[in-house]
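The structures considered in this document are given below.
Two complexes are shown next, each including chain A; its partner changes from chain B in the first to chain C in the second.
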Partner chain A sequence: MEKKPLLEVKNLKTYFYTEDGIVKAVDGVDFEVYPGETLGIVGESGSGKSVTSLSIMRLLDPNGEIVEGSEIIFEGKNLLELSEDEMRKIRGNDIAMIFQEPMVALNPVFTIGEQIMEAILLHQDVSKSEARKMAIEMLKKVGIPEPEKRVDEYPHELSGGMRQRAMIAMALSCRPKLLIADEPTTALDVTIQAQILELMRELQKEYGMAIILITHDVGVIAENADRVVVMYGGMVMETANVHELFKEMRHPYTWGLLNSLPRLDIEQERLYNIPGIVPDPLHFPPGCRFNTRCEFADEKCRKEIPPLYEVNKDHFSRCFYYQKVEEAQKLKKAGESA
Partner chain B sequence: MTAYIIRRLLLLPLILFGVTLIIFSFTQILGPEKLLSAYVNPNVFDKLSNEDLDKLIHKYGLDQPLWTRYFKWINGVFHGDLGWSVTAKQPVAQAIKERIPYTLELALYAMIPVIGVGIWLGVAAAVNRDKFLDHFIRIFAIVGWSLPDFVFGLVVLMIFYSVLGWFPPGTMSSWAEQIVKSPEFKHFTHILSIDALLNGRLDIFWDAIRHLIGPILTISWLWWAYLLRITRSSMLEVLGKEYVRTARAKGVPEKDVIHKHARKNAMIPVVTVAGAMVIGLLSGTVIVEVIFNRIGMGRFTAQAATQLDYAAVLGSVLFYSTILIIGNLIIDILYAALDPRIRLG
Partner chain C sequence: MNTELKRTLRKLFKNPSAILGFALLAFFILVAVFAPLIAPPINPLFPDENGNPMKLDDPYIMPILSWSSDPVPPSKDHPFGMIAGRDIFYGVVWGTRTAFKIGLIVVSASTLFGIIIGSIAGYFGGWIDEVLMRITDIFLSIPFLLAAMVLTTILGSGLDKVMIAMIIFGWMATARLIRANILQVKEEQFVLAAKALGIKNFIIIVRHILPNTIFPVLVQATMRLGSLVITAAALSFLGLGAPIGYADWGSMLNYTRNYILGSSGQALAYWYTVFYPGMAMVLFVLAWNLVGDALRDVFDPKLK
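Entry: the complex of A and B
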């Protein structure tokens, strides 16, 4: 049975017009998010993952522009065709967002309660005292101790983990259908990271919302995502469900990313790293964006941008030589087990 | 918070003691004969023989050491006696008391346009960054910024008085002055425009306002320039912060994003500048008062200083220091009210 996607991003192109030239931060990205699932978007800094999420919310900086022909379809409506006012009713209500730095993402001059209540009062027809009760209820739900007291505290009075919990409480206060979490745990301690991710999974089960989890941390993706989009240089390199991606990646970049994870089952002198650096988005190489760092790259890769090949059901790879990647993996595995 | 305010207020006499001691010591450089002029009618002064001078110097204790004289002055201050002002030809305390309402009146009326419009222009420029309105406001600011007040004041006087005849210089018209000085005119607050309203004299109220517009216009433009630049840059910085994006992501309407989320944060540096401006206004603005020939503290002090009227200078210093200290205390309290991260203590 084919499920209907909650969100479809089609041929999204987001360009930034700077003094030095046009930065093609996102250059033709397609993916879908289905109700209740977690879609992981993974990539290095500058791969365009954050810009993708801000494009969905239409919260780009003034010099950023979504290019004509892009489509972001949420529940059958193209968000890019909505008026600012209609879009505002979706933000925080149907699609909510949490950010990387809870330290700076909460307004320092308003209390936690005021900030949560604001979201509730904007989108729901409730009185102030009801909104306050709901805010306290949300704080309790995200595991903040003494919510009746914390609700009147300012962000600086809370620890980093508590602030991120408060951010989640704020984002979920209107029960959104889609939560975009942009590096939600990057700024937190490892132990706190696990707690926050656990909390997000619990709340997802309870509310049945879909999550777009944006991160550069492959480990976080492995544990939390159902499906994964791997981005590089503003393009989707590979997309597959999480199990298949980790076992049978068909793109050299994904392979490199996963190879750079520490492993306990084999002896390693040092961790693998992908050679070279992320290309300057002002001057992407012609052809495949990854060709400057790819061991499989040849003349063809330096001339043409490869299309997305369907290598398996619902598994796509943007590589001319995805079969070679497969063979190389088999060889490597054989070598390891020998 | 209360403890903090009390502590700051307890420091007030200590600071006043230090400031007046320094100024007092400086005035003593003048020497006994010059200092004597504060006590003697200048017409008589020139005719005095050296012997008479010595007698008078002794009589007023000017031959005594600095400390003795300083404490004598302080003692007088405690009894409400600040000495005799040569320039005002009346006791210093009386002279200051008479001038404060005029300075206060100008300050109160100027404060509203200076701060209100200055901040509003700054926010408008930041929100419309690099658009026409922003460029227009910035040109307006640069003009205000580069014109000295004595030039701009004269231009205002020339256009609105000489050419158009709308806003005359001075404090009030002579017909109004006659009424104000008559016994029927009751002085409730000593602030001319308010007293005029309370006496039911709309004509005098309008006359007072007409004399205020020129100085207010001059002060406003110059200070807008400064205030709006601070507000603009502070707003631009805050608008780039992540919590502004969070507010937008919640679906907060843009006008609330700007006027609620961003502006409250942006006001923190603005308060410093605006506070200093209010303190400046309350101290009287010398140039504006001189150009528009108004009664007020600024002009009084300037005249006193140029005519070696040291008792008046000391009295003014006492007044300014008090305003400055209390003004800064109010700024600190405002900080704490704006930013919960600031704790007074």
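Entry: the complex of A and C
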């Protein structure tokens, strides 16, 4: 059964022109999002995941530019070819976005009701009182107690978790087909995090929308994503469905990332960390962008950028030595079980 | 909302200088509103056909009540004294209206203009910002009094011309202030969130950004309201502003030029010619400054 993708990102390149040179924040990224699924995009800070999401919304800073040849196809339309007016109709209505910091993503001078109503009135042909009813309904849906009262409160009167719920209510008020969640739970307590993710899963089921979940938290990905894109240095390093990725990663970076999670089933003196730091996007190393931190890297990796190899059905890895990675994993597992 | 307002008001009226400022302002407003009752616009020297004193065509032109232009000390009929044949009390009372007129019109027009220029420059940035800010710099580099003098020479003198000159050369500080604030606020995530909802740029500026940046501008405008009256007075004193005999505090000081030093041996002989219009001006400026201070205390989020 081949489903038609809702969103296709093809060869997306987003460059920022700075005084020091061109920053290739996103450099040739491809992925698809299917209706109703959750695509996780994971990577360290500076890997280009947020820029990818802002590129889809076409909300880059003025010095950022999506390079010619990139394509972002949403329901058959290339978003990059739309006029600003047409794009504005898609934002909030078909594609909505929620942000990392619920503390600052709501306007302090308006009540949350006014902010939700603004989105509803903008995209739907309803009266003010209907919009208000819909806003209250939305607040109830996202689990805010006493929505009739809360609707008239200002953001500073709500807790962080409540604000993120209000943010979600605002983003979902027009029932978007795609929700981009950029680190939606990073700023929240762990218990609140779990509640918010649970809420997003429920609403996804109810509305049948697709979600792009952007995070650096591999644990969040494991629990929420159907498929995963691993990004590093503005490129896709590995992509697979979530079960396969966690069991049979075929890229040294993914392996490092998953290895740096704490584990309870084995005894560890210290947590593993990937040596080195994320390269400066102004001066990426030649060849594979991960070669400076990779234990498998050799001369070839320092010269050529590896292509995406299809290592399994729908499982791609950008590594010349994905087979070596597989062997090394088998050895390690054998060592652990012995 | 209501409790917020109450808290704000309570805070405002705990501050003695704020109370003084609002009281003075209220006093001036009352004087301006009831000017026709306090100083009736009539000329007792010329009775009309019924024997009543003649009504003035233009109440802002002080009637000439005596043919001697020398100052006359305060008396029962003329509590502030007389100069150039005109009643100083009448001039001070009707001058209050002139002061409000100049202050409110010039400040609201120049502030609005400054807000528009500053918002566009700050929000859109890039070359638009560059062009608008260089124009602002050019306007700022011209000495104000000189520019106003040249402009009134071109336009012709008169109170309205002075006001036009003050608007044309009075918007730059507001534009810079609002631009700086917008540069800061537009980076806030709620602006990005509003864009992500598909809201238009114009609405984002007016509804989302300006309410978060407007208070410093309002405070500045309030304080400027007072000081503008001094500027207008300076221009009137130089003979550029209001026509002769106009009820305007600055023009009234113009009459006193020959009497400021008093007569020989009596430095303070003609004190009343300077004191009353001058005092009105000082108190007017003080009122607006205190009100501006009070508003800043209430609205500045950093002091909360």
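As a working rule, the second predicted complex is superposed on the first by the 338 of 338 C-alpha atoms of A that agree within 3 Å, B and C clash if a C-alpha of one lies under 4 Å from a C-alpha of the other, contacts with A are read in each partner's own complex, and residues count from 1 in each chain.
In the analysis below, a contact is a pair of C-beta atoms (placed from the backbone, for glycine too) under 8 Å apart; a residue touches a chain by one contact, two chains touch by 3 or more.
As the structure is a computational prediction, the values presented were derived from the model and not from experiment.
Enquirer: Consider chain A as the common anchor and indicate whether chain B and chain C clash or fit when overlaid.
Expert: clash
Enquirer: Would you sort A:22 into first (chain B), second (chain C), both or neither based on which partner it touches?
Expert: neither
Enquirer: Let me test your reading of the model: by the given contact rule, A:104 touches which partner, first (chain B), second (chain C), both or neither?
Expert: both
Enquirer: Name the contact category of A:261: first (chain B only), second (chain C only), both, or neither.
Expert: In the superposition, A:261 touches no partner, neither chain B nor chain C.
Enquirer: May I ask you to decide whether A:277 touches chain B, chain C, both, or neither, giving the answer as first, second, both or neither?
Expert: A:277 sits against neither chain B nor chain C.
Enquirer: What is the contact status of A:123 with respect to chain B (first) and chain C (second): first, second, both, or neither?
Expert: A:123 sits against chain B and chain C alike.
Enquirer: Contact-wise, after the overlay, does A:88 reach chain B, chain C, both or neither (first, second, both, neither)?
Expert: After superposition on chain A, A:88 lies in contact with both partners, chain B and chain C.
Enquirer: When the two structures are overlaid on chain A, which partner does A:57 contact: first (chain B), second (chain C), both, or neither?
Expert: It touches chain B and chain C both.
Enquirer: According to the stated criteria, A:170 is in contact with first (chain B), second (chain C), both, or neither; which is it?
Expert: both
Enquirer: Which residues would you name on chain A as touching chain B in one complex and chain C in the other?
Expert: Residues 57, 59, 62, 88-93, 96-97, 99, 101, 104-109, 118-119, 122-123, 167, 170, which sit in both footprints.
Enquirer: Enumerate the contact residues on chain A facing chain C in the complex.
Expert: The contact residues of chain A facing chain C are 57, 59, 62, 88-93, 96-97, 99-101, 104-109, 118-119, 122-123, 152, 167, 170-171.
Enquirer: Touching chain A in the complex: which residues of chain B?
Expert: Listed in rising order, the residues are 129, 241-243, 245-254, 261, 264-265, 338-341.
Enquirer: If we count contacts the way the header does, which residues on chain A are in touch with chain B in the complex?
Expert: Within the complex, chain A touches chain B at residues 57, 59, 62, 84, 88-93, 96-97, 99, 101, 104-111, 118-119, 122-123, 154, 156, 167, 170.
Enquirer: Would you tell me which residues of chain C are touching chain A in their complex?
Expert: 1, 125-126, 188-190, 192-200, 207-208, 211-212
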